[in-house]
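Two complexes come next, and they have one chain in common, chain A, joined by chain B in the first and chain C in the second.
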Partner chain A sequence: MKLTLSFICLMCLSGLTQADNRLNLTGSSTVAPVVMEIAKRFESVNPGVRVDVQTGGSTRGVVDSRTGMADIGMVSRALKTNESDLTAHTIARDGVSIIVHGSNDIMELSEAEIIAIYIGKITNWSEVGGEDRRITVVNKADGRATLELFLAHFSLKNSQIKAQAVIGDNQQGIKTVSGNPGAIGYVSIGAAEYEQSVGTSIKLLPMNGVAANMQTLANGEFPISRPLNLVTKSLTPLSQQFIEFAQSPAVADLIKAQYFVPASR
Partner chain B sequence: MFQPHADRIAKPLLAAAALVCAAVLVLIIAVIISGAWPALISQDLVVFITDASWYPLEGQFGMLSMLLASLLVMMIAILLAAPMGIICAIFIAYIAPVRVQKIYRFAIALLAGMPSVVLGLWGLTVLVPLVNKWSPPGLSLLLAGIVLAVMILPTVALTSLAAFKSLPIALQQAASALGVRQHVQILKVFIPAASAAILSGMLLAMARALGETMVVLMVAGNVVQFPSGLMEPVRTLTANIALEMAYATDQHRAALFVSGLLLTAMVLVMMSFAARIKGHNDYG
Partner chain C sequence: MAEHLFQFVIWCVALLVLMVLLWLVYGLLDHGLAKLSFEFLLSEPQNAGRDGGIISILVATLLILAVTLLAALPLGLASAVWLAEFTATHHFWARKVRLALDVMAGVPSIVFGLFGYAFFGIFMGMGFSVLSGGLTLACMILPVFIRTCEIGLRGVNNSWRQGAAALGMPKIKAVWYILLPAAMPAISAGLILGIGRATAETAALMFTSGYVDRMPESVMDSGRALSVHIYDLSMNVTGGDAAAQASALLLLMIIIVLNMLAYAVTDLWLGRRLSNDLA
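Here is the complex of A and B:
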C-alpha cells in the first residue's frame, strides 16, 4: 500500500516537472511541418523537454496564443494591426513563383497579363507575345497557403479564376506544368528552383523585373512572399529558448529542406 | 462429446471476431457523421445541391458537379472495362490452351495488384502529354475514365472468370451432347448462366472505381465544373476530399465530411445491390 502511494506521488511529481518542460504550439499548417522538425531537434538537444505541435490554421495560432491555450502560435503571414498585442518572431520566408513549361519562349509577364490569363481573358500565348498555343491555367486547391498568397498578391477571388487544372501540392503542380507546353502555374520558389536544377522542364518567371530565386526571396526583393512567424503574447524562458533555437543557424538545414529560406537577421 | 465442447469455445470467439469487423464499419460511419455534423446542423442541406459551385472559403458548397463527375468517370471506366474483362474471361475459360491460360491469369492478377498511384503516375506522365498534343490540357474526364478502366479491368476479368468456372460441368456436357457449336455455347448458354455473378462483379468494380482517389486526382484535372465534353477537366468527390482535407478547417472541413458521407452511402448501396444479385444467382 505504501509502495503504491509513493508510486502515485512519484507519478504526480514527474507529471509536474513534465508540465514545466512542456511547450504547446498551434497554428498554420504551412509552418507546422518545419516546426515539427525543429521541435524534434530541440527535444533531442534538451532532454526532458516535450514540444507539442498542432495545426489548425494561422487564425487558430493567433487565437490560441492570445488566450494562452498555446505557448506559441504559428502564423504564415505578417500580423495584422488589430493583432498588435502579440509579438511576431520570423523564422523563415516563403515565396511563390509563376512557372511555365521550359520550352515556352515567354521571358516575362506583367501583373496585368497574369491576372488576365488567370481570369480567362487571355487564353492563347500569342496574345502575350508567345507562340500560337492554348494556355492551360493551373490553379491550387482551396485552403492551400500558396493559393492564399497568390490571390492576395493579385487581389483576386478564387471564384474569379478560370482554371483548366487544379492541383494540390507543389510537386504535382510542377509535374503538371512540365508535362504540358501550354501550362502556367505557381508554386513555392524553393521547390521550383530545386526541380529546375535537376533538369525538370520548367521556367521560373521574374516578377516586376525581379528574378525568382532563393537570393531575392532571402533579401526581401521578390514581391510575392510572406514571413512564417512564431507569435507570442508573453515569453516564458522555455518559449524564448525555443524561438531563439528556431531562428538560429542550427536549424537552417531543416528550413531549407521544406523549401523556405531562413529569416535573415 | 469433444466436438460440441470445442463449439462452445469457438462460438463466442468467432462471434467476437465478426463483431469487430462489423463494428469497424459502424465506427467509420459514426466518425464521418460526427465530422459532418457541424455542416449538417448549421446549413440548409439543399445548399450542397443548389449552390452554384464549390468555393468553400467563399461560402459556396455546391457538390452536384462533383457528384456528377464521380458518376461519369465511373460509367466511362465500366463501359470500357466490362466488355474487355468479360471477353478476357471467356478466352481464358473456354478458348485458350492450358499454358496460355496460366500466363494470362498471372498477368491479370499482376495488374490487379498494381498500386493505383503507379497507374496515376503513368497516366500523368505518359497519357496526359500525349492527349495534350491534340486537346489541351489533356487532363480530362475521358482520360480519368480510361486509366480507371485499366485499374478495374482485372476485377471484372477475375470475377467473370470465377463465374464461368463455377458453372456446373453438366451445362457444358449437355450443350455439347446436343451438338451446339462452341461460340453458340458461350453466347447462349454460359454467359446467360453466369450473368448474375458477372453483374455482381461489375458492381464491385464500379464501387471500386467510384471510391478511387489517386488516379483521378492525378489525371482528371480537378476543376469543379459541369463538363461540357469528354475532354473537359472535372473534379470528383474523392479527389476533392484528398485535395482539401489537409488544409480545411471549420465549415469547410465539415462540408468535406458531408461529401465523404455521400460517397460512403453510394458505395454501400452498390455493394448491397452486388450482394443481392449474387444471392439470386442459381450457380454462383
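Here is the complex of A and C:
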C-alpha cells in the first residue's frame, strides 16, 4: 500500500515537472475534434510539447480559461458582452445553409417564407413560386448546434416547428433531402458544399441574397454563421504559439476535413 | 388450459427479452463488422477517429478498468465483511452505512462524474487522468458491489460459522478461508455488474479521464475510454458512424470476454481454495 502511494506521488510529481511544455484545452464539443487534430500536428512539429484537449461545452471553456484550469478555452460561438475579460481567437467558421433537392427550381426563399414553411403555414412549393409539390420539412434533433443556430437566426422555438422528418447529423440531413424532391432542410455549409461537389443532388439556397459557400462564410457575409473560437484570459508564450499555429494555413486542411471553414486572416 | 396459456405467455416474454439482445447484436454486426479488423484494433485513431484504429482507446479503457478494480475490490470486500460478519444486522452504524450505500447506488453517473472532477481532479490534483477516472468509477460501482457481497455472505449457512468457531478458528481466518469462498457466486455476480457498469460508463468519464485519444503513458495521463469515443464519433464527428459502430461492437465483445474472465478468476481464486481446504 505504501509502495503504491509513493508510486502514485512520484507519478504526480513527474506530471508536474512536465507542466512547462504542456497545454490544456477544454470546452465546446463541436470544436474539440478539430482542435484535437490541430494539436496532434502541433505536437509533431514541436517535439516534447503535449497538448491535452478536453470537452464539456462552450461554457466550460469560458469558465476553465477564467479559473486557469485550462490554458485555452474552446467556444463555438461569439463571446458575450459579460465575457469581455477573455480574448477570442477565431480559428474557423461554421455556417448553416438551407438546402433543397437538386431538381427543385426554386432559386431563393425569403426569411419570412422559410419561417412560414418551417411552422407549417406554407405546405406546397407552388405557394412560393415552385411546382405543385408537397413540401417535406426536415428538422434537426434536439441538442444539435445547427438546430440552435437555425432557431436563433429565425427567432423560432423548436416546439413551433412542424417537421415531417427529424434527423441527426449533417450527412443524414443531406441524404434525406437528396432522396426526396419535395424536401427542405438545413445543414452545415461545408458538408453540403462537399456533397454537392461529389454529385449529390442538393442545392444550397442563398440567404438574403448572399450565396451560401465557403467564401461568403469565411469573410463573414453569410448571415447564419458562428465563429469557432479559442479563448484566453492571458497568453503564455506556448499558448500564443499554439493559437498562431491553429490560425495558420498549415492547418487549413485539417479544418476543412472537419467540414468547417478556416477563418480569413 | 389456463396452465398452458400461462406457460405460453412466460415463454413469449422470455423470447422477447432474448430478441432485444439478438436485435442489438445483429445491428452492431451488420453496421460494424465490415470496419472491424486487426488493423483497426492495432492502429491509433486519425482524422478525429474516422480513420485509423482504436489501440490507444482500448489501452486507456483497460487501464481505467484496472484502476477501478484495484480500488474497488479490497474496499468492497472489506466493507461487505464488516457489514455481514462484524456488526449486528440492526447495529446503528451498519444501518447508516447501508442507507448511504443504497442512496449512492441510485445516484446518476453524471453526478459521480462531477464529484470525481471536483474531488479527484481538482482537490486531489490528479487533473484529467486515468487514475482520476478509475477512482471515480470505483466510487460508482462500490455500492452495488458491497451490497451484493454482503447479501452473499449473509446467505452462507450459520452452521459453517459455528463449525469454524468450534474448531477454534479465529474469526478473521474463518472469513478468509470459509465465508468468502462460500459467498463466491455472489461476489462474482457483484463484480460482473460492476465491470459492466464501469466499461459502459460515459458521463462519469467525460470530466475525469477525459477526451485525449493519445496512448496513455502512465495513469496520470488523460485517456479516452471506448464509451466516450463512441459517443463522440456518433454525436460530434460528421461521418464517424462507421467507426462508432465498429467500436460499439468491440465494446460489446470486451464486456462479454470480461464477464467470462471474472467468472473464471473468482472460480479459481475462491472456489478452489474452498474445495482444497475442506476436502
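Everything that follows uses one rule, which is that the second predicted complex is superposed on the first by the 248 of 265 C-alpha atoms of A that agree within 3 Å, B and C clash if a C-alpha of one lies under 4 Å from a C-alpha of the other, contacts with A are read in each partner's own complex, and residues count from 1 in each chain.
Convention: contacts are C-beta pairs under 8 Å (C-beta built on N, C-alpha and C of every residue); 3 or more make two chains touch, one makes a residue touch a chain.
In this text, all values refer to a predicted model and were calculated from it rather than measured experimentally.
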item	value
Superposition on chain A - do chain B and chain C clash or fit	clash
Which of chain B and chain C A:L238 touches, first, second, both or neither	neither
Touched partner set for A:V96, first chain B, second chain C, both or neither	neither
Chain B versus chain C as contact partner of A:Q164, first or second or both or neither	first
Partner chain in contact with A:V53 - chain B first, chain C second, else both or neither	second
First (chain B), second (chain C), both or neither touched by A:A141	first
Touched partner set for A:S29, first chain B, second chain C, both or neither	both
First, second, both or neither for A:A257, with chain B first and chain C second	second
First (chain B), second (chain C), both or neither touched by A:G179	first
First, second, both or neither for A:E37, with chain B first and chain C second	second
Against chain C, colliding segment of chain B, chosen among 130-138, 202-210 or 256-264	202-210
Those residues of chain A which chain B touches in one complex and chain C touches in the other	29, 56
In the complex with chain A, residue positions of chain C that touch it	47-49, 122, 125-129, 131, 206-207, 210-214, 218-220, 222, 232, 235-239, 241
Interfacial residue positions of chain A with respect to chain C in the complex	8, 11-12, 14-15, 24, 29-30, 32-34, 36-37, 40, 52-56, 69, 169-171, 188, 191, 257-259
Contact set on chain A toward chain B in their complex	29, 56-57, 59-60, 133-134, 136, 139, 141-145, 157-159, 163-168, 172, 175-176, 179-183
Touch list for chain B against partner chain A, complex	53-58, 60, 124-125, 128-129, 132, 136-139, 217-218, 221-224, 233, 235, 242-244, 246-249, 252
